[in-house]
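Before any comments, here is the structure.
As written, the chain order gives the labels A, B, C and D, with residue 1 at the start of each chain.
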Amino acid sequence: MTRDDYIESLRRMKRRVFIMGQEVENLVDHPLVRPSLNACAMTYELAEKPEFADLMIATSNLTGQRVNRFTHLHQNTADLVAKVKMQRLLGQQTGCCFQRCVGMDAFNAVDSVTYEMDQKLGTEYHARFRRYLKHVQEDNLVVDGAMTDPKGDRQLSPSKQADPDLFVHIVERKPDGIVVRGAKLHQTGALNSHEIIVMPTQTLSEEDKDYAVSFAVPADAPGILMIYGRQPSDTRKLEGGRLDVGNREFGGHEAVIIIDNVFIPWERVFMAGEHAFSGQLVERFAGYHRQSYGGCKTGVGDVLIGTAQSLAQYQGTDKASHIKDKIVEMIHLNETMYACGIACSAQGKPTASGTYLIDLLLANVCKLNVTRFPYEIARLAQDIAGGLLVTLPSEQDLANPEVGPYLKKYLHSVDRYTTEERGQMLRLMENLTLGPGAAAYLTESMHGAGSPQAQRIMLARLADLEKKMELARRLAGIKERPSK
Amino acid sequence: MTRDDYIESLRRMKRRVFIMGQEVENLVDHPLVRPSLNACAMTYELAEKPEFADLMIATSNLTGQRVNRFTHLHQNTADLVAKVKMQRLLGQQTGCCFQRCVGMDAFNAVDSVTYEMDQKLGTEYHARFRRYLKHVQEDNLVVDGAMTDPKGDRQLSPSKQADPDLFVHIVERKPDGIVVRGAKLHQTGALNSHEIIVMPTQTLSEEDKDYAVSFAVPADAPGILMIYGRQPSDTRKLEGGRLDVGNREFGGHEAVIIIDNVFIPWERVFMAGEHAFSGQLVERFAGYHRQSYGGCKTGVGDVLIGTAQSLAQYQGTDKASHIKDKIVEMIHLNETMYACGIACSAQGKPTASGTYLIDLLLANVCKLNVTRFPYEIARLAQDIAGGLLVTLPSEQDLANPEVGPYLKKYLHSVDRYTTEERGQMLRLMENLTLGPGAAAYLTESMHGAGSPQAQRIMLARLADLEKKMELARRLAGIKERPSK
Amino acid sequence: MTRDDYIESLRRMKRRVFIMGQEVENLVDHPLVRPSLNACAMTYELAEKPEFADLMIATSNLTGQRVNRFTHLHQNTADLVAKVKMQRLLGQQTGCCFQRCVGMDAFNAVDSVTYEMDQKLGTEYHARFRRYLKHVQEDNLVVDGAMTDPKGDRQLSPSKQADPDLFVHIVERKPDGIVVRGAKLHQTGALNSHEIIVMPTQTLSEEDKDYAVSFAVPADAPGILMIYGRQPSDTRKLEGGRLDVGNREFGGHEAVIIIDNVFIPWERVFMAGEHAFSGQLVERFAGYHRQSYGGCKTGVGDVLIGTAQSLAQYQGTDKASHIKDKIVEMIHLNETMYACGIACSAQGKPTASGTYLIDLLLANVCKLNVTRFPYEIARLAQDIAGGLLVTLPSEQDLANPEVGPYLKKYLHSVDRYTTEERGQMLRLMENLTLGPGAAAYLTESMHGAGSPQAQRIMLARLADLEKKMELARRLAGIKERPSK
Amino acid sequence: MTRDDYIESLRRMKRRVFIMGQEVENLVDHPLVRPSLNACAMTYELAEKPEFADLMIATSNLTGQRVNRFTHLHQNTADLVAKVKMQRLLGQQTGCCFQRCVGMDAFNAVDSVTYEMDQKLGTEYHARFRRYLKHVQEDNLVVDGAMTDPKGDRQLSPSKQADPDLFVHIVERKPDGIVVRGAKLHQTGALNSHEIIVMPTQTLSEEDKDYAVSFAVPADAPGILMIYGRQPSDTRKLEGGRLDVGNREFGGHEAVIIIDNVFIPWERVFMAGEHAFSGQLVERFAGYHRQSYGGCKTGVGDVLIGTAQSLAQYQGTDKASHIKDKIVEMIHLNETMYACGIACSAQGKPTASGTYLIDLLLANVCKLNVTRFPYEIARLAQDIAGGLLVTLPSEQDLANPEVGPYLKKYLHSVDRYTTEERGQMLRLMENLTLGPGAAAYLTESMHGAGSPQAQRIMLARLADLEKKMELARRLAGIKERPSK
């Protein structure tokens, strides 16, 4: 499937989507959606380019065919590393979220967990899942990995909520499948997906076993409804101009997915009540996705650094030592995140199904840094940009015959650059630090793949404190004795 | 002048203003401008309330009358402290920039500098300026303090720029006054001002003496033209809803002011060529304005902390220790900025004109913290808010008969709070951390009153390093000898 | 009492003190103690110098006499501000802890709390305390303010500990006084004190009322025993050289004080069972002491900045932009702490007894910054110093006829400075960042006046979160209703 | 060579070493040196243990024999990764610097640079070097990699210094070898080395070509003299006790090495005037050594985390949420450094000689983090420890019959732990954060392998800013044109 095939395939689907209070027929050409579609389509476009083939294409362990890496099960640490590099490449090319990672991360997590579930419980989810994945690989589909439930009152478990639907659950078990109900929030790229693969959102206990459910469903299945989430400055995309939108062609989106009594045939069900495996599925999906952020966000970081350095040149400050120092700091923070993404990949290990899992401790370290550094990079970028970042008049003013010339005169800076170029670069930075790009680069860096506290809990669990205390005791000369 | 008088007085002015490519007739009721007018009008409204009189009202040293503190010359450190508290109050009440500080800070700076200029040079600017200020006090005017020139190529001085107009300068000296040309950028609240008081933007040398110019001019004088600067998500104010705008009633704005061959009578000229005093004027204005940020931004910080704490309550996370810890951290950072604002005020000293000047070192310390802490406070706020901050559907969706009920069901959290309340609070935080409020709370905190490097240069100059080295030498036992 | 009188007065006392396993007879001349005595004596020496009189001397509200400010009850905010400036001065002059603040902070706390206790309970502690303080003022005594109990298992309250003595408590009430037992840890300057004023260490409940005890006792009373606490590199003071000790004349110390069945006559008892007032006493003492750190530690910070700048000069790096930038950052952090010290003082308010109390919120903000910034200042200082900070050979090597010349040759840097000067400055920085000075500048900054978590708890309590939420609700357009 | 053989081999050498003004005969048993010898000897001891063989032992590409990894040329990325893991292991086991990395990093750097030099210039250094290294591998020698010259005035190049010897240089070229003079500072583990391999300290130009010199020399060659560098609290090792020394068995040291007209036969010369290759040699050695710090310092970090967690347990605070949070933060920072060490290794590439080089950008990122995070980890550790860290009396006091019982009573905390254990753990933390361990964990982390500014310069050079700007321009819609 090429980029164009992909777009056409979406056009043929009958998805039900609401945007700003209206149901939308032609999603593919909707100006609020199209930039995100362009970004997702880059996962096809780059795969067609020979220079990126080593990153974008992998050889399927299921079929032996060359497949888009976004549909691939990682077979070794080189695959894990290539994933991160592919994500950085795409972040660089789009300057936004390209949305296809959640599916990839879901495939890899579901694969190893269903294998282990079957081994332990005698179920047959794994073969089913692999049949499904073969279909995804062959048709080169975009699949939305859907994990986050609304959760209602955060202090209450799923079955204790006033409304039982606040987590997706099985409402009926039939001979040929199950009926599910609930919703998934923050669904990145949902409007650009062919399919949705649903997973539980947290570790579940026996009493919540109906919430331990995983399955795949077409994005246009009856009962599936999507509601577009607003982003800062989103409607600039509707203004029809070229300048104020910042990122000329690309963007992201997130949506609420309503799952209203949707029937799922058994062949597409990968967990149905096995609550004991819910935690592991969450942990692995989250782990893969925390690794992902060491790739995609550093790619966007590259763009933001390039934006800051460009503005420094345009404004004649690039030779100032404090500016150079801030650029170095941005690079340092960006590469630290990347290093964490690479490290957790290089330290990956095979699971029982043969699919490789990242080093979970380091993947959590990676993501925890991603909840901090992009904010500081954005702050430094704004420092370099100057105040015009938030006081630049509109592109209509620049085009206006009376005030346009004034603006061109007075906003002109270093001779060899035009006022318009300066404006374009300012708007790109505005997009990335205060606009729709910031929703992805900042807030999603905070909460995507789990909020920072989730990573901290994992670090507390995975770091072997007992061993560290033993090391300390030995050096301090304290005799060993049974620990508390 | 009451709040209503103020608004009517603006309505009567014939200002020339362009907004998004259109010249606007009725500025007062324009939905993009009105929120900022509401904010500025709060400086009148609160002054009418007895409970705020001690902060909002002062007794003029010029007339003995009670005047709005925004038009007052600080007579003692209590005035300086009251100024900061007034600014925090207004930041709390509006959640944005209320725009009237630049004028106040300009008055106080121009007052002492013109006095010293007259003493040294035998000029008569000071009496002139005080006559002007009496008029401002009596009519209770909003005056835009205009300092920042476009600056062109930052590596070149004013007269070395390819275009001589990139800094405001005197183009003609006449018997009855001067003609000036240029532009001022980032003019906070320009559209809500009666008058503009112009100052030079940097220390100037002999060859740039025509750029050493300070004067007052009505905002609707012939040759004055304003162009509205865009802010993130600004057009949500045009959507007509109540929810997505975030801050229901208030906002800010900044504008480019074009000064195209404007005639200024001598009575309104406060500097015209005395370049040796330009640096001092800049330094004092900047000093007062750096103090200001210890007030206003901490008021907005209070709102943001309240927003985060509210969301924690609405979502059932307010009892979690990590959430409480983040709230404490936000408070700590916010109060640190406030402490710096108070300290530079309490350590103020009288200038030769009798007007009190803040401690310049501490005022620069104050502002330098303001270029950092709001970003971290905003980051922590987003951490507490959760991802819905950037994925919440629009208010039209909430109102839609088909999807509205789904959203109300699935976005409902802790029982006693409604989904709409949660949405309102999320939109307020979005406004403050990614929307038009962020332009003021973040980017303006960075660059307003000078970018961080400007503060660092002042710190290097004002901290007595020689003395510190002498302290070190004495303790190290190094014999004194002439320093390098 | 002059500096010399002070030293002689200590010589006459019969204190029982152990240092490194030996009971010491002549404390005053002991090389491990003398530097700390020199530092404390500076509180006398500077008071004799006219140029420091405004900071060092105050007019007693008890007697109308001029008294050393360390024995004064703050009568207005000017007194509170002067206290901070006096502390910065002394920090600058000694480069260490001068130990006399704990007593001053105890006096002010005990004064207002005993007044309020008497008002509420009809006790007569306040008059007693003021009689005692008059004696302190007239004799110009050094009084150790003793608060921190050993605390045993931190999870258990005083009376629940396995050993009832882990907090100081009343073991017997007699007609003429009380008998107390326990210990106080971390007693700054204990060996240089005439008296000890004991306070409880935490809020106490009814069952712990015997632990609610405050009193004054001579440092050489029977049953009082002190044990000197080690500091990093402490024994360099015993080596007899001049270079390696770093700070040539000054130092600090802390000691464990054992209180073994000591009898206290009623006239010296200021609390004996009134547990309901224990929390307030702790809070006020801690508040004053948290203010103090905004003074003394910034004085030491000045020395460290001077040390770093000197080394940059000696080594030829002072013109490098990154070095200048680090110096500015050190100044900025140091002045931020000072600003907090000034702000909480300037915002002080009178208590019922007339004694002024700092703004508690800001005093806690001050101290919380002091638990962070000195560490970063020290890190930056080490960055500037270069590795020789921890690899410089000993002064004996410099003096050795064979290797001394090599060292002088090879460690010589910028021509106009000698190798020895460079060594002296390196050793001073080593003292302040890794030696005995670091115990005070770093670890004591962390834990003195309460560990950071204590400040955070106070911030959570003192910041009016309800009001902040109300501000947010109003701006978000949320109708008021009774809060949770 | 086993651990014991190693120690005996040192005993046989006739090194000239001065410690605190005295020439020392028996270095091996000197209490100031022995702990560092113990640490270095662990590189032999662990190599004898089968469980560590995969990390400690490698197969030589020169001989096919199993060799200690510290003498190995990295043959692939697995070798680079194993190196980092070996270093973490040794840091964990010793809690200090084990000194042998500088030699290993020198071997790998000299190997590839001499190869490329020979290719370009027709010299024959590479074969010579490999013959030398074979000898090192076969005899399993400890070799000190010596790079840092005294440098004199940092603003002047070697030949411009007042004294030409401030950088090591060739003073005479003879038929059979060269004569060299100068000194090397900060030589880690010099006293425990068999050999020294000298390299130039910076990029050199034509006029400084006599400074472009690299060679190996026995540590006891005539003309070699070493002077021990002091560390904080170093003389506690002379006190003869067990508690106050903190780290019971291990430590580090650094020394000045004087090279006074030492003759080097050609067979041991690896560069002699080829200044154009000096920069590359420095860059590669520094790169390998910056990678190293991602291993060793994280091992010490593990010990420090274990120390903090132990103290929390001993004092009953380990269940407090703020303590747990600080422990997590320490882990996070420590693992971030490790991730950078792993990442630059996993991304290594072969050089022309076949020896693998780390990714230089990421190695510099690694080290730059190491100049920051240990300081914050140490700060958090001190926060957890409490003030007793710097106020604990001496071990002689604990043993004293009169005050020992008081101390045991009053410093006892959680029931199941003894006061002595608590003291041991406090002293270990004191060692690591304020004592000799801090010299290595903090100051050496700052300056070892180059000060932070050196890493920043490399980041500026290695990060492809042009490409980042191109990415930004494309997204902003700016047409390509020749860059400035």
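To be clear about the criterion, a contact is a pair of C-beta atoms (placed from the backbone, for glycine too) under 8 Å apart; a residue touches a chain by one contact, two chains touch by 3 or more.
Since the model is a prediction, treat every value here as computed from it, not as a measurement.
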Pair with more cross-chain C-beta pairs in contact, given A-C and C-D: C-D
Same-site or different-site touching of subunit B by its copy subunit C, using the half cut: same
Of all other chains, the one whose Cα centre sits farthest from subunit A: C
CA centroid of subunit C to CA centroid of subunit D, Å: 37
Mean-CA-position distance for subunit C and subunit A (Å): 51
Interchain centroid distance [CA atoms averaged], subunit B/subunit C, Å: 39
Subunit A, residues touching no fewer than two other chains: 322, 325, 456
Of subunit C, residues touching subunit D in the complex: 18-23, 148, 150-156, 162-163, 165-166, 182-183, 185-186, 225, 227-233, 235-236, 239, 244, 254-256, 258, 260, 315-317, 319-320, 322, 371-372, 375-376, 378-379, 382-383, 386-394, 396-397, 399-400, 402-403, 406-407, 409-415, 430, 434-435, 438-439, 442-444, 446-448, 451-453, 456
Residue numbers on subunit A that touch subunit D, as the complex places them: 77, 81, 92-95, 242, 246-250, 302-307, 309-310, 313, 324-325, 327-328, 331-332, 335-336, 338-340, 342-347, 361-362, 365-366, 368-369, 416, 421, 424-425, 427-428, 456, 459-460, 463, 465, 467-473, 475-478, 484
List of subunit B residues in touch with subunit D within their complex: 321-322, 325
